[in-house]
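Next come two complexes, and both contain chain A; in the first it sits with chain B, in the second with chain C.
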Partner chain A sequence: MRTIVLRGGSHMTAADKGQAKRNRKGQAGVKKKILNIMITVLLGFPAAVMVFPVLFAFSGVFMSGYELKQYLGPVLAGAEGMARWPLVPHIPTLSPLVELLIDSPQFFVMFWNSVKLTLSILAGQLLVGVPAAWGLARFSFPGRKLLYTLYLVLMLMPFQVLMLPQYIVLERLSLLDTHAGIILPAVFSTFPVFIMYRFFHGIPEAILEAARIDGAGNLRIFLMIGIPLGSAGIVSAMILGFLEYWNMIEQPMTYLKTRAQWPLSLFLPEIGLDEAGTGFTAAVMMLIPALLVFLGGQDYLEQGIAAAAVKE
Partner chain B sequence: MKRGKLAGMTGLFLALMLLFTVLSRAADSAGIANVTLGRPQNMMIAHEVCGSGRVEQNQECAVVTEAGQRVGTVYVNEGQQVEKGGLLFDLDLDSLEESILEKKQEIQKLELQMKDLASQESVNEKQRSNAQAQASENYSLSVSRASASLSHAEENLRKAQKELKEYREKEGVSEEDTLAEQELEQICEECSAAYIQAQQDLQTLQWRIEKAVDDALQKNGGAKVQNIQVKTGSPDAGEVFPEVNLDTGKEAQPDVDGEAEQILTEAESGLKTLETDSLSDSAEPAGVNEEDENTWTDEVLIIEDVEVYDDPGNSPENDQWIPDAGDLTGTGSNSGADSPGSSQWTSDIVQDPAETGNGSGTADSPGNSQWTSDAVQDPDRIEQSVREQYAPELEKAEKAVADALEKKQKAEAALEDCRQKMLAARGSQNAGEEQQLIDAVRAAQMAYEDAAIAANEAAVTGNRGVETAGLPEAENSTDDIYELDLEQMKRELSKLEDLEKADGKVAAPVDGIVTGVYITAGERTPDSTAVMLADLTKGCRLTAEIPQEQEKYISRGDLVTVKSGDGKTTLEEIPVESIAAKAEDETVRLVTVQIPEGKLQIGMAAELSLTKKSAAYPLCIPLSALYLDEKNQPYVLAVQEINSVLGTEMQALKVAVVVEERNDSYAALSQGSITSSQSVIVSSDRAIGEGSRVRVAD
Partner chain C sequence: MRKKKTRKKQDWAGLLFILPSLAGVAVFTLIPFADVIRRSFTAAVTGMWVGFTNYRTVFANTAFRLAASNTLRFTLVCLPLLIAVSLALAVLLQNLIFGKNLLKSICLMPMAVPAASVVLVWKVLFHRHGLINALLEKAGLGQIGWMETGCAFAVLVVSYLWKNLGYDMILWLAGLAGIPTEIYEAARVDGAGDWKCFLLITLPNLKSSLYTITVLSFLNSFKVFREAWLVAGDYPHQSMYLLQHLYSNWFRDLAFDKIAAAAVTTAGIVFVLIMLLQRMWEQE
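Up next is the complex of A and B:
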């Protein structure tokens, strides 16, 4: 949940900044400046509210177990009073960090599980989704529209609807309780196809015509012209995919029984008040890859989101 | 931010993660306990009972010699083994000879003393018999004298009466005229007799009170001594009290009461008679006959009976009394009035002891003890209380005397009045002469009364004298005691002489080991043990201590193995003789076995062991596999596979079990909780509990 909020927060922050940039680009009048400041203040407040959970997690990393119990006791342990949360711990300590990094091999098992699942899904989506999107965008064949509509419908379906059919299928294929059972359905997800479709569709027909005239075949056009020109769409689909699958929680919870297979997203629900410090540390650790990916592919992400917003 | 830099950071992050993965894995595996597993086995539980102790003698033999002898040489030391007849120590011969001589002299002295005593006894015996004869003589003398004067007074009375009668006849006074006077005279005589009787009762009572007071005082003075004195009939007690009442304390009381009651009854009956007589005075003047005198004598004798009755302790003396009484009878026969009474007296005396026997039989300790407990009273108070007890009786008796006197005086006055009237009626000129005669009769009557009272007193007093003289003498056992002393001395002498014959050497009576020497050369021998020997002929035993919890595995008759402390001797199959708790330590039990003769030495340390095997149990685990939880309930740790985040791991699982039997290394479990195919953790390289992750070693 927290990570979902975080994503929302990041989104808003990005939007905020984008608007500010655009304002700057507009003109440099005094009135505009005052307006800018007002807007910044106005939007800064909700932005701070959105960012608070992240700060919450960061300060928790340096808090001792005793302090955590004092502050969170009323919520988590039924103690009297109201929960409080100071952003700066009274007695800063690194013990939760040390505990997580040295004394919790489980965390690393889950971390690497998450890495494995996410990378496998993304690789699969590259292999399957990119050609599918190219085909839908660039070839005309009977039933193409119907297929595209089917893709859209499937994309809009929430996991809860697909859970049972997926479970039955996975069980028939003996893929329950395996990573493949998580990876394969995700590989054939329709969302990245939809994102990439928008980008491939935007490539001008003239370029492709020229290539054909130069004697390029369909495969050559796809690899030499389609992928480089649609790379922004591919990357943004991958970044969106990464953020989704890094944080996915329902699928592993439903299909994985063996704890050793669990991804990191299931580590946090295991944490109680006694290990609240470890929980905060783990949350921060989990945030780092997402943050890195976000920072690396910010532009593409924005483009991808914009693309997803426009429907045909 | 540059993409390349971001990629570097991501790479660095992943590298760090990889590093910490390895580190945390290493740290985790270091914390996992390495355990070995084992399966429950079918086996028997052997219980090893083991205890150590020292070999002790079964019996000790104390060597004792005559006390007070100087020890010459002591030949043995503690722990030394001696044979039967072996020399233990010797006594200084000079000192021995001295003792013998001394003993001989003592014996001689004692013999002389005995001789003196014998002659003294014979002299005493003679003196006693003399005193008794004297008392008897005095008694009979005073009684005969008193009865003589009594009969004399009676004779005078009869004479005066006769003279008066003759005078009247001569004067021609008809029988009819004097009939009334005669009746009055008769009444007068009766009143006089009653008065005498009352007077005598009073005397007896007074004397009894005095005696009771003296008795009480004496008992209070020394209750214990008193008891002895009373029993042995101490002459002192006899001297003071003519009638020694051997009933002691409270017991005396009912008797005295009884007597007093009897006296009182008699006094009352006398009074009654008097009253009825005086009532019938005018109505039936002819009712009184001559037997009155006899009745009077009887009364006196009854009093005598009472006195004898008091005297249970004197029963042997009663035999002596008979001749005395016979004497009395002889002397008393002078008087015609006395003779029937005297004979009755004798028979009464003979009868009395039988009656008395009952009285004395009950006169026993309960009364004594009660008396003793009261004994610390002030003498004045005691006297007062005794007197108070008797006060009502005394008062009654005194009143009876006064009443009797009054009646007598009235009767006399009536008689006098009657006579005066008669005289006046006749108006004779000889009235003066007749008056003289009447006065003479009256004087004779009074003299007679006095004599009767005096005779009673003489009888009582004389009786006391005889009793005192007849008291048995205190038992004298000095002679017997001397004899016993003599015997003992002779025995001691013979022992000393035996010692001397053996040159003062004292030998061991049995084969044994010296466990204690209580004499020192040059010192005197003690009264108690001189040398203590452990009797080898009676064998020896091993008493080993075992912990209380092992007690249930060993019982009487079990065959145990005994091993000497040095390990050289091992005795198999020795039966357990006894198992007992150690007095000073409740947690220790003492197991005793008899050691066969000659196998182990007394004083040796030895060990006793017994292995007792149980029935076969299908589920036996090493004790290291058994744990106790906080409630002291036993459990074992089985191993189960768990799917953890780290993969398949082994985890310890608590399984509660019931221990049926256990020894130092194995425990037998009851079936149900685990099966023989289930592995349990039998060892671990670190402390583990329920839920601990473990790694099973190959």
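Up next is the complex of A and C:
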């Protein structure tokens, strides 16, 4: 009896006080945790909306033409009522996929065009851009600051500004309507240089100094130290580049007239709603490489994006 | 002293590393751009010097005025929206215990999705008898002509937000990670709550990120043309007719004098923005 009164009153022992404090803290912790989980659940809704378009495209691949017509009839053929879309097909089928792979040789040509353009551009950027980034990041010659600013400005110029200048050169070099005409200007894009610059810049000078004392020349230092230590930046730039050029629309639209030269990104919009089955399948075929690169390189991608945000 | 000497010795070697890149940049961008500046002051056919006539023609052009005002409206609506929403997402996501990485991946994924891959989805969603209208109808709200009315502008805004939210969120997260945790701990000891911490510590510390993010988002906003063009073609509803449409249509009509003047003007605006950005960076 007496002890209870004491506990309820102000005569708490030090140990009791500690216990109470821990309890309160524990309670607050639980509350915080619940709030935290609630935020996760709440964010789940917008997240679901964001993935929906991708799930949509994927589910379309496994739908037969008949089912597609049923669901999308009001959109495709002006049928009565409204469109519906169950994310899981009633009777899953691979027939649209087979149709696309067997019956449309065009698809293969354009898929290959996309691959060729993207990989050539990235290879060129590696060859030209990596040394340029190294040169900008690790040497201090007169005019370096000016060059840096020039590269930054060019990186941020929208295509609409460069459209006419590039057209003029391509016409002079008679590269219009050729793949080289798309590849070459992109190889000299300053964007990857800027990203890699940021990573090369972060390599401690002491390491390079040590190599120099050991008698390593500039080229050797670049190849043996710069490239390995800056590899995260190189990978980041390549991943950002892949996503950009795989999705390239403006340049081929402006400079390529011959259909056989087109990349997938120009071919897809030509598939009308009446061939929705083929359309979804082709769209997903284009989506898969990009998603794989994204999933495989997400960490590098994030680093590459963040590289632009950190000030010089 | 010694260090300075060794550095100086290697000075010009740096230029050798840059030379191939610089040569390409000069050939494909710098020299032709200088030519475009010249052309912007000459007539397209005769090549005669005409002073500012091309610029005057461009600014007086009704299509240009429509496109410029749409582009400006798009920027003024989208930028604050994107920046605020992505900041909110980043702050909420930063301290999550569960699902942080999954949510981050989901937000970032649209960046990887080629615009051409979702054209069909966009068309089915925003068609008059499409899925969004089907939902609205069920809710008793009636149909909206998404692509045929001023709502086309909203479609454009949604596309831009969908594509760029994750990108901006990563930029914000990078900014947030740069704020030392000690400041928060000190504030907590002084009894500051979550909201107070956000207003008095987080926001002021993100000022320099804000500027970078604004400029990068503005420049990414030019790429919304892809979605717009894919969904609605060369001549979309007039509420989503952007400068990018106009330039590419002028290009098809070979109106090089007009494009030259317009490109130089756009380049000038972008240039001024970037210089301001650099000034900001240097002041830090």
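Note that the second predicted complex is superposed on the first by the 256 of 312 C-alpha atoms of A that agree within 3 Å, B and C clash if a C-alpha of one lies under 4 Å from a C-alpha of the other, contacts with A are read in each partner's own complex, and residues count from 1 in each chain.
Keep in mind that, in the parts below, a contact is a pair of C-beta atoms (placed from the backbone, for glycine too) under 8 Å apart; a residue touches a chain by one contact, two chains touch by 3 or more.
Just so it is clear, the structure is predicted and the values come from calculations on it, not from any experiment.
In the overlay built on the shared chain, the residue A:156 is in contact with chain C alone; chain B does not reach it. Contact with neither chain B nor chain C is seen for A:236 once the two complexes are overlaid on the shared chain. Of the two partner chains, chain B is the only one that A:103 touches; chain C does not reach it. Once the two complexes are overlaid on the shared chain, A:281 sits clear of chain B and of chain C alike. When the shared chain is aligned, chain B comes close enough to touch A:296, but chain C does not.
With both complexes superposed, C is the one of chain B and chain C in contact with more chain A residues. Of the two partner chains placed by the overlay, only chain C lies in contact with A:60; chain B stays clear of it. With both structures placed on the common chain, the touch criterion links A:111 to chain B but leaves chain C unconnected.
When the two complexes are overlaid on their common chain A, residue A:260 makes contact with chain B while staying clear of chain C. Taken together, the two complexes place residues 267, 293, 295 of chain A in contact with chain B and also with chain C. Note for the complex: chain C touches chain A at residues 6-7, 10-18, 20-22, 24-25, 27-29, 31-33, 35-36, 39, 89, 92-93, 95-99, 102-103, 105-125, 127, 129-131, 133-134, 137, 162, 165, 167, 170-171, 173-175, 178, 208-209, 212-213, 215-216, 219, 222-223, 225-226, 229-230, 243-244, 247-248, 251, 256, 259-260, 263, 266-267, 270-271, 274, 278, 281-282, 284.
Listing the residues of chain B that touch chain A in their complex gives 1, 3, 6-7, 9-10, 13-14, 17, 20-21, 23-25, 27-28, 643-648. Contacts from chain A toward chain C in the complex involve residues 33, 36-37, 39-40, 43-44, 47, 50-51, 53-54, 56-57, 60, 72, 74-75, 78, 81-85, 127-129, 131-132, 134-136, 138-142, 144, 147, 149-154, 156-169, 184-185, 187-188, 190, 193, 212, 218, 222, 243, 246-247, 249-250, 253-254, 264-269, 271, 273, 276, 279-280, 283-284, 286-287, 290-291, 293-295, 298, 301-302, 305-306, 308-312.
Those residues of chain A whose C-beta lies close enough to touch chain B in the complex are 101-112, 115, 257-260, 262, 267, 288-289, 292-293, 295-296.
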